[in-house]
């Protein structure tokens, strides 16, 4: 549990207040809609008559929970979480929400994000006698709030005060005996939204979770805002709001979020179509068909096709029976490894000049295999287009970008990578265009992984790990 | 295990001869590609030095098998199977392949299909002292072959002779100590194809399974043909070939098969696009966008859009984390039940006149819910189009069509159903058009579920069950 | 599934007719009491309104069944089974009861025992077109009954006629739509008893299963008898009764059966005490304490102590948390492997001359390790006594005796084995004494594994396998 | 996780230093031997090159761990734990060892016992900003040590200082990057011993765990002593040793510990025999046979028999296939519920005057059922003897004694209880005799549950919970 083990992660949170009960069931459907944000572990805590109980487990929401469990998690408030982590850290201890006893009783806490000053915080806290049982940031959140609670009149004020100490990207939700408190970091790096369904109030990482429980999208939690839900009333503490320009992770639009989600007024699918449209302007090509690499390349491909006038075609069928336990092919069959999950629709590409749109190109190996499959299926030309700019820098806020020596565009020219992946041409969306792909969103963006420029200073410790 | 329990099922088979071994692993990937044909149970039998061993289990291929199991299933021939069955019959006993000891040693048998004379066969066999341990047809196949083997010089001749007794739809594969024997019923109701990869020979329900193991599609097994694979040589017995007009199940093109599969030279995706194109000709409408209901309505929607000139749009996002154990919403949330798995992309349909293409309309309840979702998302008009004609009759060959009183189009006019599902207009592909959706296939089709006309007489017993 | 795979096994059967229902629950407790007879797999079939349903699984009774399953297995008759098998044959297919459809509908069959003419039967049956799906004898029973049923007026008559063809050791129970039929082989090699509880009638391998469901022991099924239970009435067919001298497996008393069971009027614990008493007469020794090797050496040790006047002591504590998945020690720790499951009570043996009574000595390796443990614990002398005579011959009736080259007493003198296991003296109960250990039982015994003399001729095929 | 949830528990700890490695495997066997002290959850932490990794799970040692896991837990030090808890608290979070990051890196902590000042400690700690994630005392231990470590030069000194704050019963083991530290509370309420095997040093709750790994018993950890194991060297800090009279829980001898364990020089089996002997002196009776209720009544029954001269007999057979998932009988069968797990050996008791010795009588219901079983089996008289005095008071140190209103002897005379359980006579061992049952142990005992006199003051908070 050294600092090196502390992981960057992408997660999903969902909280609900509903006087009519069935809150665990709502959380179940909400987390199911957010499953793409984390498949490693999940958990639901509920509050009934000021008493908090919870259940967590490794695996998908529909693997971990069953009817009996949901039945037993009775109450009028719930807080749920889905978690992603790289293989080595796949530990039950790290599952959220974290349910703790602190000075005022019990609370449950869950977050999506990554602190950049976590090592400093940990050292400070351990010097005061604190102990840490997980290898995630959530304990740093819990301790900070617990300490602030000693000198503040309420849990929401404790959360407000904690913002000063918590340096990084986060969407945080706390459930106490009587309230749900939601909070985004002042840069607004991670999304978090508010919904309503009758008397019920919902907090969720994405609006697709609101849709899944039949709730209406009200608004996003503002960067730096502390939202308090008590007995169905929504109030707000805005001490830390608007103090700086905001920086929503642009990769939420390009890759993370579900296409049907709306973030800061901007629907993700439309944003991806726009990325595809700008891509077609920046990197036009004379071709017969535009295809998208499933799943997240599809929207951009449709935008590219629409803008360029080249017909959109169904290029691939993806095997939908995905499972953690799928056995990888032996080395001798490795060439076919992509084909097992992704088969080319020969009739779409045979004898054609093909534009293949993907959401991004990271290591280049998958692109190379897909290009090869297209050629074997008879494509005359394969023009690869990435709706994200080249990955060149690390992310310190939760995106699990590989180290720079594994990024195919680091230290290579566009031509070299084009040759390496076997394409006839290769084009990336420009960083400039990124500013235009979410026109309805009135916020700024973090493009650190493409530009190396981050909205906040990164501690040396974080840089090392 | 009364006759009433005997089920109609849709299944997938995969067999391979490969002198280089690793046959269980190939079968694993082949079955994974065929997983859409059956998710209840699966099994793989292998033959090594004339010795047959096997493993079967309930669940998906990647749930049942692991590396150790595949390692232990060593040999140069394999026979695999995935099975679908309705809830009540979810029994381990019914998993295939069936491995039996008969007069000449051991064989493994597996099939896709449904006999219409199974009750007659069973009564005959039990009158001779036979016993039945499963509630599937596979034992009728096994017994018939075992009896014929007593008076024939080889296993392939026994299979050939069995065709006389086996009345119905089937794609059958037998693995003996030295051979793989593949056979389709003389009407050609169920698909089965042959592939090659170097010295290896593969038999599979669909070509997508050939693709997944890197094999080339050679040809389909002909209706009534018995194909023998021995030491890599493919020979054929054609006694029962061509004796009657063929009748491939048209629903393979419309729904069952994977879009990337080729059946009788015709790619399924193109066939569905053609169905959509004819649908647009037969039921045109003035609209702003064409959307498809995932997964199998997508191809037809693209065809409808292309032919009509109305833009194709992404109408829905389907949650991909599907699992057998997913908990259904309570009655109070039932209205939202579709939304949990299928969310509308508001930006695609808001304020628009929408053509919604689905692969078929069976009970009408799902269509009603989806239409309602589209309206809530702001669609001005919703025009429902089904790329299959109305279901009006039972299927006796393995498709699990509900009873007539549950079929929404039985006893109702088009207008009544249109109103019932809340659409602005409703159109079904005509039975006549079905004849044109697979132009490359030089075979006839069974359209019994739409027309009530079947390629072979149905026994009274089958009608009752 | 070659003949070589066909296994000798020891199993337990339990059947109940109870008009008040809850029969699956009764079967559950009955099988739990018989669990020592088979831990590999178990199953329960129930009959409700002439309809038979069932559930089987790998593992212990309390692992395979849960409340929901028992609830779903509703009816007024049940047939249950627990099965033992050596590792290689641990297959779901072999679990019993076997539920089959035959000429008159459905029946369930289960047995304990082993046919010696199974290979002959199989060859005959396959020559008639039969197929076999398991590697156990139960299908031979089922086929034979099914064939006889064609020419007999009832299922019980079919069972009666089957006795002519079924050559070997068996306790067989059949459940039809209306009856339970129980039958023992004419030599009476395997035990089977009848009990009553109010209106309920129970058939079980041992009386401990009657006790566990609160039933009274009525009598044993007689060798060759066919007992019919219909609507609570017990009738009997005795065509094959008393035609030959009976030969109950003596090892049931010495080892297999539970000490609290009564077989042929003789309580097993008392029989073991008698064996111990005769052992003390045949092999007296001057000693300070008599200890028994748990579990089945305890009773004999108490008998030895009582007869000899030497105090009985608790010599060992056996770890009771047994599980199939227990990890065996590495080679380097192998010396301690016995100690992990069996620890010596130092205070009982330290500085003493110890008589260590075990139920039998097979390979000698375990005895050697236990003697070594006793010496390390400070025993001055260790006198080993076996309450069974030396194993010298194979068993063809279901006991899994190792091959002769593994039997420590084959080809060695008593002195040689005594030295090999490190004992101060070694004594086995004589074959002659066996005749006296069950004085209340008025039946003869099979002592084939000690004498090589069997009550029936063994086919050459059985000898080979 | 209110105070009310905090549980009294009985647990087992095992730690090993072994330069030759395989420490997880040794811990596995050690915990297996200690399994009777806790079946709910278990865990093993290992230290390799100063790095600590661990694995925990719900269930028995042989259910939670497998070969791969043990292989992956590589190192030269290990700390293992088995835990017992009442049903409601069966949570993964409570499993031990607890692995934490604190000011000096990582440590693992595990304990057996119960603090009586835990609520006070918790309130103090939370007032300082601490948070608690479990509902066990182990976090109070961890925090206290972590805080003391801030002002002490070493982990062992931090443990030493912690003793001042930790008020209650405990056997505590800490594993740091370089050392194993073991410590018993100054009253010596919980047992803990030291063993050696070559260069390896072992710490364990009972000596049976030393035996299971082939280690020699060196001595017990002294009450109040802090034992430090570093690089195989054993050193000791005795600041808190001998400051008060010691008070080992007498119930370790009577019930908890395994009969083959030696605590404070006294073998448990001999102690129980002595208890039985004194019981026979205090409550003699004219009878024909003495039987013990398995498992822990056996030793005392043997002592009673030996002393009284009445023959010892095997009275019961206990079903050994115990499992957590065993289904309880329905109310209608409840009368037989004891019989399912415990069957009477009729031949032992029929027509006899029986002395039935049990380890204790708590609620009386089980005794009543067993007496009834004995009478049904034909016992002429049943004289019940308890080798423990009557339970009259709560235990604050980890024994899960029911509340006073459930204790059968509270508020009833001996005669009343005798009648209630249906016995002919009833006798309990006297509190006075307890002092004599462990003559080799030179320590005092806690008999609080019998006398209401405890070796340390109990806080009001503990009394309430």
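When the chains are written out, they are named A, B, C and D in that same order, and each has its own residue count from 1.
The definition used in the following text is that a residue touches a chain if its C-beta (ideal position, glycine included) is under 8 Å from a C-beta of that chain, and two chains touch if they have at least 3 such contacts.
Given the structure is predicted, the values throughout are model-derived calculations rather than measurements.
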item	value
Shortest path length from chain A to chain C (each step joins two touching chains)	2
Intercentroid distance (Cα basis), chain C paired with chain B, Å	48
Distance from chain B to chain A - Cα centre to Cα centre, in angstrom	37
Contacts with 2+ other chains: residues of chain A	none
Pairwise touch network: line, ring, star, complete, or other	ring
Pairwise chain contacts, counting only pairs that touch as defined	A-B, A-D, B-C, C-D
Of all residues in chain C, those that touch chain D in their complex	22, 25, 28-29, 32-33, 35-36, 39, 60-63, 65-67, 70, 208, 211-214, 258-260, 262, 267, 269-270, 295, 298-299, 302, 306, 311-312, 314, 317, 319-323, 325-327, 329-330, 332-333, 335-336, 339-340, 343-348
Contact set on chain B toward chain C in their complex	1-2, 51-52, 56, 92, 98-103, 106, 122, 126-133, 139, 142-143, 146-147, 150
